[in-house]
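These notes concern the structure reproduced below.
For reference, chains read A, B, C, D, E and F in written order, and residue numbers begin at 1 within each chain.
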Amino acid sequence: MRILVANVNTTQSMTDSIAAQARAAAAPGTEIIGITPRFGADSCEGNFESYLAAIAVMDAVVNYPEPFDAVIQAGYGEHGREGLQELLDVPVVDITEAAASTAMFLGHKYSVVTTLDRAVPLIEDRLKLAGLDARCASVRASGMAVLELEEYPERAVETIVSQAEQAVHQDKAEVIVLGCGGMAGLDEQIRQRTGVPVVDGVAAAVTIAESLVRLGLSTSKVRTYATPRPKTVIGWPISSAQATAAPAVQPADAAR
Amino acid sequence: MRILVANVNTTQSMTDSIAAQARAAAAPGTEIIGITPRFGADSCEGNFESYLAAIAVMDAVVNYPEPFDAVIQAGYGEHGREGLQELLDVPVVDITEAAASTAMFLGHKYSVVTTLDRAVPLIEDRLKLAGLDARCASVRASGMAVLELEEYPERAVETIVSQAEQAVHQDKAEVIVLGCGGMAGLDEQIRQRTGVPVVDGVAAAVTIAESLVRLGLSTSKVRTYATPRPKTVIGWPISSAQATAAPAVQPADAAR
Amino acid sequence: MRILVANVNTTQSMTDSIAAQARAAAAPGTEIIGITPRFGADSCEGNFESYLAAIAVMDAVVNYPEPFDAVIQAGYGEHGREGLQELLDVPVVDITEAAASTAMFLGHKYSVVTTLDRAVPLIEDRLKLAGLDARCASVRASGMAVLELEEYPERAVETIVSQAEQAVHQDKAEVIVLGCGGMAGLDEQIRQRTGVPVVDGVAAAVTIAESLVRLGLSTSKVRTYATPRPKTVIGWPISSAQATAAPAVQPADAAR
Amino acid sequence: MRILVANVNTTQSMTDSIAAQARAAAAPGTEIIGITPRFGADSCEGNFESYLAAIAVMDAVVNYPEPFDAVIQAGYGEHGREGLQELLDVPVVDITEAAASTAMFLGHKYSVVTTLDRAVPLIEDRLKLAGLDARCASVRASGMAVLELEEYPERAVETIVSQAEQAVHQDKAEVIVLGCGGMAGLDEQIRQRTGVPVVDGVAAAVTIAESLVRLGLSTSKVRTYATPRPKTVIGWPISSAQATAAPAVQPADAAR
Amino acid sequence: MRILVANVNTTQSMTDSIAAQARAAAAPGTEIIGITPRFGADSCEGNFESYLAAIAVMDAVVNYPEPFDAVIQAGYGEHGREGLQELLDVPVVDITEAAASTAMFLGHKYSVVTTLDRAVPLIEDRLKLAGLDARCASVRASGMAVLELEEYPERAVETIVSQAEQAVHQDKAEVIVLGCGGMAGLDEQIRQRTGVPVVDGVAAAVTIAESLVRLGLSTSKVRTYATPRPKTVIGWPISSAQATAAPAVQPADAAR
Amino acid sequence: MRILVANVNTTQSMTDSIAAQARAAAAPGTEIIGITPRFGADSCEGNFESYLAAIAVMDAVVNYPEPFDAVIQAGYGEHGREGLQELLDVPVVDITEAAASTAMFLGHKYSVVTTLDRAVPLIEDRLKLAGLDARCASVRASGMAVLELEEYPERAVETIVSQAEQAVHQDKAEVIVLGCGGMAGLDEQIRQRTGVPVVDGVAAAVTIAESLVRLGLSTSKVRTYATPRPKTVIGWPISSAQATAAPAVQPADAAR
């Protein structure tokens, strides 16, 4: 079984770390392929970057040259999963939903600890749409940006543990969900410090994707996620259209 | 890995069929043990029977003599899962929740097709408490009693397919969940007839239980599902207290 | 009119105190019969004990030898009321719902003050299922165990008043509900200290049960609470099956 | 104990019939006083009439010359209960809420059958604000205007039974609530025809008001329903200000 | 285009200030007419006063002698808008809804800062019924009474800013709504101090009313807001019935 | 005042018709600029196309060379509005929300009539996230694809009117919202046929955008819609990166 694990940003080292994390959770015989978008931001911390990532992930997946059995979208709280489900016949698992869904088997309420405060409403919105918010006690921000997690691992653990403890004691969470693909590997430390189960979305998503494949289940095509109707689409896939040009890295200040 | 799959009623042939279904979904190396309660109704189709089953399943599980890694409660829409979570340190997976959780990865809305109309509110209540109802399009009854499913398999398929079709066309379900442990093996036929993915709760629960065990995750013990406080409990476990007597099968008319 | 008031635990002194409280609220001509389960825990503070109580209460009620006009289940936040409704033709009133329902006539929002923190999610779940949670400001725990309420009455008042005050000032509750059958008699003290109406569930349930009987109303039998279908039920009623054996008090450590 | 039962419209015969209904439900020793507003519409079937009734009921109650122990607002789905609660120290019971609250002890879901379709959203809104809508299966209109109920009693029964049957079979209601003060006395016929319990709001309200008085409970005054602050109010009470003039019956076409 | 802006209380200076505020927001060519009820309280801070205002505003509007194109009800969180919609063919805009609706275009969550704590539940209820509460982070009280806002403008700013800051930092509001018609003109100061957009309901309502008129849209008359049915209404309009008498200002202590 | 009205698809004639519709609703002095994405599908009828449109609209807007005062996203039920809000300092108005928000001033419940059934869940999800779903009676599909609306105008009117009538009579909608930017100009016909107000999202959005500009209000920048943090973004804006290449129109079959 081959599972594509799509990073949502363009930072290759993060793709590598996510893929490693996925492999650690995978069953024997599951091949994990980490893929990196060809365009977009080096980290996703807001709607613009997330929408761009949504398209960049779809672009990367439809350009992947080999057959695969499932796709994991490995960005926490990001847009785009529904588009992948339309474009593909194989199961698509978003780590936001995989983690929430798994946490709900472990305790009465769960909390998410994520990176920046501005990401909190995105995550809350994703959980609400997914219908997985009823038992979410809180979504809390550690205040660490995505790329700072790797740069300052000790501070990352401290701030995440601190928020996790507040989630358990004040918000009455019984399970903690790590709300960022870049928090891979922190789960054991946080579990020891808080005494509650800690769910990593990438690991959870791998087991769910494997399960769906094994059960022969995939996305329903009768309505919402039906294959796109045949129509004229200009400039798609993006990266093919861009390929003949030389899309230099742009030190973008994204706003006008 | 050893997983106990607990039937909620006292019909041994149903335990066998549920266990077979679980084995078909299990990964290599997973041992499935079907267990049957020592007391209770031969089928569960209401609250009295379901509450009795809740205690009978706990009784059967705590009396099981060997170690195990996870428990599946294989009754659809039944009471009791929270009690098992308190009594055990290993993961507990209810098929009602396992099926809903799985269905939500496959389509925008799902419907449950169950047995008798009187079971519908129980299932709706279980999904509501589990926080898995937001994307439930409907819970529909086929009108077949639990034990009739085995007796009249052809009629069972017809009535279940008919309700599934109405769920898809009228209620806009994109996935069908089989709402009874006794519907094992009907999924393929129904998928062919309706064109939508069909989720069997027992199969879904097996993969989820395996995943939790593999990820080293189990029930949070900090609050709701903490181990019961030490106290005087009269007559527990029930079956030990009953054992010295000869608890004959009682042709019970359950009401006073 | 004869009303059975069922304690949910096996502590006879608590049955007596609940029955006394019920008698104080009863109209002239209403006979109150306190009944104690024949098995189960000496106090209910979690799901295992509550599920066991559910069955034990049903067992006690169906074994009661005389006719009666209504049943009150006098455990706050416990399982089982739906089963009683199926088994009986007379009205069944749960004190959790009676208290909430009464509080809603008295203020815009109410809070429940209960015993241990671990009971809070059970109560929240019961109110949610009953559809009586929309105007619940909070469920707060005093930290006193059920049996400590009798043992340390002064401390009980202090901790309950303290939580009630926080409910009023922080959570904006306008009415306090006493969330434990064992809090009988504390209402007046708490009302004096907080200045808000205090609802005791047992008293509220008595007046509701009397009202239903007087109005000639009882449980609807058309669907959810229809009488159980005739079927083979092994070992029921529990206490009859156990009767021929000698069910010794077991110093149970409930977990395996 | 003296209970004021306030009709919401100016039709004296309806006050009489509501009072008779209240007396039939009252305990021995309860005195029922029917009161009629001094201004307003001869029947309430919309927001304008209901708002006018709200003020007219408050006007009638504050002008009532004798002491009383509780007030029942006997209009189904009408505005104004919160104002009465501010103005009075005794309990106030609205029949909309009394009926819903009572119905919820009798079945899993209830439906309301009311008069005109235009009244349905008012009732839905009242139930929503009261937090009593979660278990409301539907509010259905018989199409009969309030004053037609008395005029065409046979047709009234037919249309109400017809809607009640649809509520039971299609909407899965297990209890029917009569959604108009003018439906007094129809409950028995409808119960016979539908087989489900039928709740009349006036009767339910009487028992609830009696219970609150007996339990020594009344409206919380700490926040929402605190007594109005002392201030200059022009033209209040309305009827006193009008009394010196000769407020002729106006054949009002209410719109401009 | 002529728009009536109805004050809900009888304080003429407040009508003037509301009208001035409306004029400042109005497009060229829009005529703003401030109207004051002929009876009722000099400020509305509770349900009794609000219900009286509801009728007094309807009375003032139906007595207004000239044609007009829209009506704004300029009381925050007050009753009565639905009655006006029945009585009129032109659009009716409530400032509570206008402000919330506008705020939702500006940020993910908004908070309302109002006057007294006792008004908070009224506002919450209005937003709930209007279906505009899902993105309301909080309703907060400054503790200033309506008439104190004019008397102590500096303190008003301080307390309102203080609550607005807590709304932004604790409740995560991104927009502040001024929850009182008497807060006109404070928006700029509060915006400077909090850094978030501040919405004044009167200004918002003016632009919405203008827009509806320009688009040729008005209240739907097919159901909820249909013109009242022709019937006998005693004493309506109130002020005409009172006119022949001399309705002296009554130093009302509103309660009995 | 200059308002950009962004079509979400690449069909220029649709941009023209949307712009014309916007101009018809605009106040004197408002300049309407229709803009067309440089890439994406010729019509949006699903998530893939909608996500691509989200990015294409952002791309078109940030590339627009002149200053502007507000942006309208003129696709019904599409993704992307939150990204625009981050990228811009001027107000952003989505027609989905503008129409719902306007409809809620006109009736108790509204329904949306859109194009294809597969678009219904997208619209429901957008309304849910916007917190504007509580008074949505239904979202109904006419079965006409976006581009068929122009091609078969008569059939379009028939099918839309038919669904609108069912919305009014069965779903109890009191207002109809046209759920597609391409339904411009149908509102008058549908209003005549159904007798209820009909809201066109583009017209509604124009008046709301104008109002926000006039009131000096724009997107809150304190949290969710803060300007993106400075970071490396590869390949953005898309169209600049693509410009040096020749992005031919691709007869895309979008799926892999």
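Note that contacts are C-beta pairs under 8 Å (C-beta built on N, C-alpha and C of every residue); 3 or more make two chains touch, one makes a residue touch a chain.
Molecules present, by chain and UniProt name: A, B, C, D, E, F = Hydantoin racemase.
All values reported here derive from a predicted model rather than from experimental measurement.
In a homomeric contact, the two copies may use the same or different surfaces; for chain E (Hydantoin racemase) and chain F (Hydantoin racemase), over half of the interface residue numbers are shared, pointing to the same surface.
On residue numbers, the B-C interface is repeated by A-F, which shares over half of its contact pairs, out of the options E-F, A-F or A-B.
Centroids built from CA atoms put chain E (Hydantoin racemase) at 28 Å from chain D (Hydantoin racemase).
Inter-chain centre distance (chain B (Hydantoin racemase) to chain F (Hydantoin racemase), centres taken as mean C-alpha positions): 45 Å. Note: centroid distance chain C (Hydantoin racemase) to chain F (Hydantoin racemase), computed from Cα atoms, is 54 Å. In chain E (Hydantoin racemase), the positions touching at least two other chains are 108, 121, 172, 223-225. For chain B (Hydantoin racemase) in complex with chain C (Hydantoin racemase), the residues that touch the partner chain are 10, 38-43, 45-52, 54-55, 58, 61-62, 79-80, 82-83, 85-89, 117-118, 121-122, 125, 128-129, 145, 223-236, 238, 241-247, 249-256. Interface residues of chain D (Hydantoin racemase), counted against chain C (Hydantoin racemase) in their complex, comprise 25, 27, 91, 93, 97, 101-102, 104-108, 130-135, 168, 172, 174-175, 195-197, 199, 203-204, 207-208, 210-212, 214-215, 217-220, 222-225.
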